[in-house]
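There are structures below to look over.
Two complexes, one shared chain (chain A), two partners (chain B, chain C).
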Partner chain A sequence: MGICLVTIVNAIGLSPLSMDITVEKGKEVEIVRNIQVSNPEESPIRISTRVTGAVADFITIQPDSFELPAGPGIRSTEARPYKWVTVTFKIPREVKQSKYTGEIVFTQQPVLGGTMGVSAELGIGVSLNIGQMALAEFPPYILIMMFVMVVLLVISVGFKRKMV
Partner chain B sequence: MKHNQFYGIWIYSILCLLLAFLYKNATGVFETKIGDYNLSLWSALAVNVFLIVYSILTFRESKIITILGIIPAPFSTYLFYQSWTKMSYEYLAGFLAIPIILLLVATLLKPKPRQRLMESMPAIQPQARPLPRT
Partner chain C sequence: MKKQILAICSMLIVISITVALSYFFYSGVNAQIPYAQPTTANVTIMGHVGYLIVNYTPIVFTPIPSGSDNGLQPGTRDNPKVARTDLRPNDKTFVRVSTNSSSNVNWCLYINGTDVNMTLNPIYQYIPINNISFNTSCNGSYSAPWPTKRLSYGMQEVCCGSNKIGPRNFTDIYFYIDIPAGWLNQTYDGALWFYANGTSTPAEDNSTWYGTRGSGAGQGNTSAIVRQYIEFSLGWVPIGFGTMTPGTTSNASVTPAPAGFPSNVTIGRATNIYVDLYVNGTNLVGISGAALTACAGSPAQMNATQITYANTTMGALDIVTAAFYKTLDWSRTGVKEGATTSNCLDTVTGPLNTNWCGNWYKNKGMSINGTVNPSDITSYWNITVPTQVLCGEPTPAGTFKGDISFKIVRAGRLPDVE
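Presenting the complex of A and B:
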């Protein structure tokens, strides 16, 4: 009696393969990006996500774990089943470094059943750059108040001298 | 020494305007933390402590300006800190309104009659007395 072990190594389709984001320094920013995850294999897969590196503090992924139905096969030209994963970057005002890097790693969970599965991992490189100092966009009434103040500062000195 | 109080308010207004310009053009400078609070609190506190100290030192000139300087100073600090931390410009409007009002009052307030008299009078020169004859 022989034992037959079949190893299945699935592939995940990811798009885009890298993310390069630049934000202004000193400004609270929330950026949302989407990643398309597809399954070309002929068997359903389960995918879980995690973030590695310094950039992990700023990233949340939704959904962080999901399943994809069986695809048409790697060589097939038919459309592959896919899912959009939302990546939210929440960058606070107070950041210490000027660059944060890391990876969003998609792990294909071992397939349960009669065959032995091997988990496959594929990562997307993320680079978060903290750029120039942010400018605050004042509403018109604040700009008017500042202008009034400048005018008042100039006029008041002359007015005061005249009063003496 | 004249109009010390007015020039104190004038400098205070310049400092407030400077904070507003920094807020607009380099808003990130206030992110530095000292202790548990960021620089927006400490810078506004420094400017308002200057106003309080100056108001107390020059209280003989006008008590109204002294009171008007001391009372809103803590509120001014709070307003600037809240404005930067919460990114709310209504607070900033309140912060800017304080020096505008103070500057208007200090400009329009006439000096006391006694003070005006002192300023208009020429300085008394010591006169040479003839020596008593012996």
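Presenting the complex of A and C:
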């Protein structure tokens, strides 16, 4: 019986490492954020993405799978090739919870050909907070003006009746 | 009545005389003023650069509002100046340098600046000034592609010679910054100055400069935030356990030849925060030979807990001691339940998760001079082949396949956020 644990170079780099999104309740909102995914290693890599947790219902990722060219090496100070990944949050008007969490996971595809695939993963924690519905609030001078108008209306009505 | 008629007539007479005299003196025919002589007024107008006007500063390279997770990724080049309209209305992606209305000569533009220092501790770390580059058309003097130059402490010529800028004219300068790999998640700022004169004499330095220095420039004019970044690699080659007999244990270091032994997980040089490392995997499934159909026609499976690993925090010598091996947590969906987090490494910083096990190490790959010593986490792998597979049949001959996933997270954070 042959058993072979196969691993060859897998690598991945990522930023930012978390996203906190707060939106107002009762509004349909679309928010776009960007993530940089890098390849530090000296061979090309292929990355796939997925979203976990309850927040997945509101997120689309573009592209969800892509390749990165070879980088300068994990020990190098040189710049790494990277790709921007666009994360779009679409929050409908009606939502049940006040907070949704999850993770955007980037996985370097395991290299095929061995009997034991090994993959590298990095994730971005996502927190979507649904705030309170905005309340209409009039400034004080509007309230004062409204009060004065009501008073004048009452006086004028009373005056007219007296004239009659 | 007579008086009134007389007054009206007098006014008409005065008006008539005035009109007649005006015509006499200013008409094209008789416009000569008696006794007036032609004369020459000599006025020498000095060449004057005027003063510089610098718009759309400071030069902010951070595209979104600051925060611990926002900013620029270390190990990236040519991050452009951004238009931060949230900070300044009508901000642009360039800096516009012009001379004011008193300017009447073509002028040369020069620039110099300082390193972009960490705001909290400038001595500790800085982005070197030559990590900032710029280009401009000199308002059309250069045809595209515009030459890209790098900033320096000394004066840099931006537009001069045949690329002088016209009086009261302007040029838009585009700036870019390279963020070195591994630079800390901090705010950095530096200074920048613009200079102009009307000659082609190269500017030597600030003290000998004769010209005009741009307003609106100075300390804090270059600003960048470096955000948190992690990277790692699994730098292995195939590890062969070789052909094994059921009921035996094999270590890659002893059987067979240690190809790729030990295995390295490397936290990359650009990583600028502490991280925790987790590992996960699946059962081993038969993919060839009798193992492919050993369980009533289905592939045989071996509990993946048969695989154990150790890392350098335990020391290389300990790999022969089974007690130091840490069993993988296979409780992830689709694999055997029952492994507990108590099997995981006991030097854990962050909380463990039932889906992931490990937390081998934490690393902040940063030294005081801003360079990074990448951290290699050496791991040792071991497998015990059971005498029977999960369906109860004797372990068949064949090749078995499984998957292992590695994940690093910011120290203390759970590897799965559900």
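Before moving on, here are some points about what is shown:
We adopt the following convention: the second predicted complex is superposed on the first by the 120 of 164 C-alpha atoms of A that agree within 3 Å, B and C clash if a C-alpha of one lies under 4 Å from a C-alpha of the other, contacts with A are read in each partner's own complex, and residues count from 1 in each chain.
Throughout what follows, contacts are C-beta pairs under 8 Å (C-beta built on N, C-alpha and C of every residue); 3 or more make two chains touch, one makes a residue touch a chain.
Treat the numbers as computed from the prediction; the structure is a model and nothing was measured.
When the two complexes are overlaid on their common chain A, residue A:E94 makes contact with chain B while staying clear of chain C. By the document's definition of touching, of the two partners only chain B reaches A:L153; chain C does not. In the superposition on chain A, A:K25 contacts chain B only, with no contact to chain C.
Counting the residues of chain A that each partner touches, chain B and chain C differ, and the larger count belongs to C. Of the two partner chains placed by superposition, A:I59 touches none, neither chain B nor chain C. When the two complexes are overlaid on their common chain A, residue A:L128 makes contact with neither chain B nor chain C. Touch criterion met: A:I12 reaches chain C, while chain B stays clear of it.
Shared contact residues on chain A (touching chain B in one structure, chain C in the other): none found.
Remark: chain C residues 69-71, 73-77, 178, 180-182, 227-246, 250, 252, 260, 263, 266, 268-270, 273, 284, 287, 289, 291, 307, 371-372, 374, 381, 383, 385, 395-410, 413, 415-418 touch chain A in the complex.
Residues 24-28, 93-94, 133-136, 138-139, 141-142, 145-146, 148-150, 152-153, 155-157, 159-160, 163-164 of chain A are the ones touching chain B in the complex. The touching residues of chain A, counted against chain C in their complex, run 1-20, 36, 38, 40-41, 52-54, 74-80, 82, 101-103, 107, 110, 114-123, 125-126.
By the touch rule above, chain B contacts chain A in their complex via residues 2-3, 6, 10, 13-14, 16-17, 20-21, 23-31, 33, 38, 87, 89, 92-93, 96-97, 99-100, 103-104, 106-107, 110-111, 119.
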